[in-house]
Amino acid sequence: MNISQFTTAASDYAVKVDRLFYLESVIAGLVVLLVTGLIVVFFALYYRGSSTPRGEVPERKSREIEIGWTVATLFSFLFLFWWAASDQLTALAPPKDALEIHVIAKQWMWRFQHPSGAREIDELHIPAHTNIRLAMTSQDVIHDLYLPALRLKQDILPDRYTYEWFNATKTGTFHFTCAEFCGTDHSVMAGSLVIMKPEDYARWISAQPQADDLAHQGEALFRSFGCSGCHTPGSTVHAPDLHGIYGHAVQLADGRTVTADEAYLRDCIFLPDKNRVAGFPPLMPNFSGSISEGQANALIAYVKSLTTNRAARTPNASPGQRGGSPP
Amino acid sequence: MTDAALPFVPPLDVRRGSYLDEGHTILSWLTTTDHKRIAILYALSITVFFLIGGVAIGLVRLELISPTGLFLTSDEYNRLFTIHGIIMVWFFLVPSIPATMGNFLVPMMIGAPDVAFPRLNLLSWYLYVGGAVFTVYVLLSGGVDTGWTFYPPFSSEYSHSNVIPAAIGVFIVGFSSIATGVNFLATIHMLRAPGMTWFRLPLFVWSMYTVSVVMVLATPVLAMSLLLIVAERLFGLPIFDPSAGGDPVLFQHLFWFYSHPAVYIMILPAMGVVSEVFACFARRRVFGYGFMVFAMLMIAVVGFMVWGHHMFVAGQSPLANLIFSFLSFIVAVPSAIKVFNWTATLYRGHIGFEAPMIYALGFLGLFTIGGLTGLFLASVPIDIATTDTYFVVAHFHTIMVGGTVSAFMAGIHYWWPKVTGKLYNEFWAQLAAITMFLGFNLTFLPQFIMGWLGMPRRYHYYPDVFQIWHVLSSGGAVILAAAYLMPLVYLTWSLFCGQDAGNNPWRSTGLEWQTPSPPPKTNFLRPPRVDADPYDYHDFGRTEETGGEARARPQGEA
Amino acid sequence: MTNGRQQDRRYLWQGPGVAWLALLVLFAVSLGSAYLPLGTGNVAINLAIAAIMLAVLATFLMDLRNSVALVRIAAAAGLFWIVIMFALTFSDFLTRG
Amino acid sequence: MSDTAGALQHPWPDLRMQRAGVSLGMWMFLASEVLFFGGLLVSYAVYRSFNEEAFRIAGAHAQIVYGSINTVILLTSSFTMTVALRAATANVRRVTLIFLGITAALGVAFLVCKGLEYREDLKEHLFPSPQFPLSPPATAMFWGFYWIMTGIHAVHLTAGIAVVLVVWTLFKRRVIPVQGSTMEGAAIYWHFVDSVWIVLYPLLYLAGRS
């Protein structure tokens, strides 16, 4: 293993983080030099028994000094905060068009699912110069996907999605690892991040064992778990139609309005009573235990693929009252 | 140094009539309500735990010499660093300075015969022992592997180790610090000697005051968060269980609401100690006394509002990250002021190079480094890159071990003659102080570097590219261990063979020194009255050879 | 003498008695209001009444009214810090998005 | 009045200072206790704000009759405690002893009532377990809070009763004079336990009544 697998700054963001780090290192170095320098000078001048003249420091002067360095410190810290915060804020919003890869962490391994349906374990291939968004969840305890070369780290929680996004600029093989203590084999829960040229990635992904893409897998599951029995327009059971639901606002029974994102859809599968949609009876069975996180990802991908175009074909579909007629 | 007893302190035979003579049986110690004796009980107990915690981390550092381990399984490794954390935080660092020096000195520095509630004080030690019993049980029955942070759902559902007794032990010891805090606050408010106004309080007393506020208001939240973990693990009450809608991040909020202020519980007393030491050995009034007091109050209050900087990657909202980052930069300002003020205290002084001063200088250097790396971690992007790596490990050890333990040692050496009436060997003490500083830096500078390079913490096996840094760090740890053991030997030696110290070997102007050493049970031979500001060393400095003015005189003699 | 004695005795229970009655009335109002369909208003009313009850209890039964400033500061400190805890914890939960 | 001297304890210079000190110490302990319950309350608030509906469903199953009776009992006990304290300060020993006794009895009555309530709850399997009858899952969260909050409160109350009984015995046997600072501390603590209940009652019993 080579140290550059950790230290290479493989994205523009990583370069910015390094720049901030070096800036603060220089400031810290100067302060340490200042303090040590003063101590050495004072020791030399005012060592006990030395003949340097000493007198009182006037009250007024010492107050001025005191206020002076308080203000100076405050402003330099505010400056650092401003710099750090602007780096943080510009990196905040993930771009809309990002390539989305699902990450499932469990004691003590990593599973990745590409949009094409290709799966990997403890190894992640991604294209460079592409916005990548990792949608991550855990099957057991808290983990943390640490990508040293990208200077990124994000905890991964059970029953919740967290995200990391980046745009890698350097190709090569880098290290990634778990950074939140997760039990016995925490220290070996690691793998390699392979950043490839986009065309190489395209070649690589097409050479993967033929698997249906995630949405198609989801479609099959949608039928085999019996979801389609209720969630089809015209079904006799009164259940919300799912076409075009992703990304749109949903009115809930308790008066709240939420946006149907991955987390919401996931909750609908595992905690159906948590966010009941207004106007529908609580009939949805709880699938926690019978559907795995991986299958849930496929189902969610399928629901995301159901566009409004098809929904438009069904008559009477209006927001808040999606789905067929009452039984 | 010769006996420089101040004129009005009767030259007593040191041994006779001191608090040490109030009873020699073990029972007399176990039932004492004298704050000085309770301080000694605490000092002995925390030393035992410091050694246990030290052995645990010694094994860890030995194991880490090789990237593939030497003699431990991963489970054993995880249990060792967990027990190291639990013991060092709650059974050593939190009680270290407050329960020993604070107990001994707060009443003496304010001119009181004892703390406000002497029996509560004894109870607090028994609570400590109660918590200690659970922790020792955990240790003997196979340990606990959650890390000292007890994060659910690992601690509540997945760990197969002794989480419940470990949490109960910490829960109990928490009430010991609450009791100590309440006691100090009541003492400082109600029992100051005549003339001892708020702005005549020595900075050590102010540090005890502020730390007590933090102890009283932060510790209960830790107790509650641990209680909820126990309730979930023992009875299945689903408070943090994600499958019932619980949020593990909420636990982290509660935990850090205590555990970040806990860092200030560890560092504020250290600030108090070195303020005393700097003033005495530079023979100089502490520069900017008012600002020093204000800075400590600021730290105690704002220190409660920064806990979220431990959770920048935990799934906290970006806005909360921003707020906590801002407040963390703000809380660094008073710490910086203190560093400048200590440095400025040396200006125009008569600086001596005795052992306590070397330890205090070690504190100043390491606290500066620790504080500055704190700025790195307050910056969200750098924190995201370095949190949960050795960079963070090195940062907080520099504050809590480099800072607090150096100051603890400075205090031990400074007040050793006060407590025991004996002088230790100055040469060995200086050697130990310098060794400790060098050993510390050799241990933790490599950790800063490998942390920035990407070495995650709590790792049993690690990529071999980091081996060189681990070996250096382990080498430093050996030196550090030697430096910690040396005082144990020469201080014990001084108890039996040390020279008598006289009442005031450092010719300090502190009120605690204006009474025989070791002090009588009632602390003062006559109730003191205070008529000067603290650190009245300036006259003292000029008339170095003739001895100085005392700041307090017994009532009726002034 | 006897008269003064009796005055003393009345002082023992009179003030606290009024406070006690006030607390019982407040409790009844709180209980009754809980059955009105007010949505979130119910929680608000219940908590407001609880706050008033705490104030009555602290002022008249715990005698905070007559205690030294210091004791009042200690009591206020608890409240101030709990506000910090709520504000900053919710700064996360309410902005998670 | 002659026994005032016996009330003064080391290291206090006089009884007035000692009483102020005990009262201050007790209040600081209460500030600590406020934060202790604060951790619980903030958790409750977070979860309730995200599970409005579930908490309403779950709250409707709390035994409001027992809860309300207990509220009246505790409010009354605070009243009797205050009378006892005032009597003690005025050095009226007999009244002090009687009202302390009533206070302890009311405390015990609360616990008995609570025990009956717990029995009902358990009969309905409202202790979170696989047989837990309510849904959605966050209802179990509400009941988790119910058991923890009432449990911790009951522990505090038990401690309060023990303190009151000890004080009563010490007064009865004239070990310590009623005028000392002991009564002060006991009373403040008792009122605090009552205050906690005043907050818990609407959170646990009044959720989901409308």
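A, B, C and D label the chains in the order they appear, each numbered from 1.
To be clear about the criterion, a contact is a pair of C-beta atoms (placed from the backbone, for glycine too) under 8 Å apart; a residue touches a chain by one contact, two chains touch by 3 or more.
Only a predicted model underlies this, so the values are computations on that prediction, with no experimental measurement involved.
Enquirer: Chains touching chain A and chain B alike, please list them.
Expert: Under the touch definition, chain A and chain B have D as mutual neighbours.
Enquirer: Using the stated contact rule, I'd like to know whether B-D or B-C comes out ahead in C-beta pair count.
Expert: The greater number of contacts lies at B-D.
Enquirer: Measuring from the mean of all protein Cα atoms shown, which chain centre lies nearest?
Expert: The most central chain, going by mean C-alpha position, is B.
Enquirer: Between chain A and chain C, what's the gap in Å when you average each chain's C-alpha atoms?
Expert: The computed centroid separation for chain A versus chain C comes out at 44 Å.
Enquirer: Averaging over Cα atoms per chain, report the distance between chain B and chain D in Å.
Expert: Those two chain centres are 35 Å apart.
Enquirer: How many Å are there between the centre of chain B and the centre of chain C, using C-alpha atoms for each centre?
Expert: 38
Enquirer: As a quick test, compute the distance in whole Å between the mean CA positions of chain C and chain D.
Expert: Taking the mean C-alpha position of each chain, the two centres sit 14 Å apart.
Enquirer: Where in chain A do residues touch two or more of the other chains?
Expert: Counting only residues that touch two or more other chains, chain A contributes 271, 274.
Enquirer: Any chance you could list the residues of chain B touching two or more other chains?
Expert: Expected reply: 189, 217, 221, 243, 245, 249-250, 253, 257, 318.
Enquirer: Out of chain D, which residues touch more than one other chain, so two or more?
Expert: If we look for residues of chain D contacting two or more partner chains, we find 20, 24, 28, 31-33, 35, 38-39, 42, 46, 50-51, 54, 136-138.
Enquirer: Draw the chains as dots and join the ones that touch; what shape do you get: line, ring, star, complete or other?
Expert: other
Enquirer: State which pairs of chains touch, listing all of them.
Expert: Final set of chain pairs in contact is A-B, A-D, B-C, B-D, C-D.
Enquirer: Using the touch definition up top, name the residues of chain D that touch chain A in the complex.
Expert: 51-54, 135-138
Enquirer: Once bound in the complex, which stretches of chain C touch chain D?
Expert: Within the complex, chain C touches chain D at residues 8-9, 11-13, 16-17, 19-20, 23-24, 27, 30-31, 34-39, 42-43, 46-47, 49-50, 53-54, 57-58, 61-63, 67-68, 70-71, 74-75, 77-79, 81-82, 85-86, 89-90, 93.
Enquirer: Tell me, which parts of chain B touch chain D in their complex?
Expert: So the residues of chain B touching chain D come out as 33, 107, 112-118, 120, 178, 181-183, 185-186, 189-191, 216-221, 223-225, 227-228, 231-232, 235-239, 243-247, 250, 253-254, 257.
Enquirer: Which residues of chain A touch chain B once you look at their complex with the stated criterion?
Expert: That would be residues 1-3, 5-7, 13, 16-17, 20-21, 24, 27-28, 31-32, 35-36, 38-39, 42-43, 46-49, 54-57, 62, 65-66, 69-70, 73-74, 77-78, 80-81, 83-85, 87-89, 91-92, 107, 140-142, 144, 146, 148, 151-155, 157-160, 162, 175, 177-188, 270-271, 274, 288 of chain A.
Enquirer: Taking the complex as given, what residues does chain D use to touch chain B?
Expert: The contact residues of chain D facing chain B are 10-12, 17, 20-21, 24-25, 28-29, 31-33, 35-40, 42-43, 46-47, 50-51, 54, 127-129, 136-138, 140-141, 143-145, 147-148, 152.
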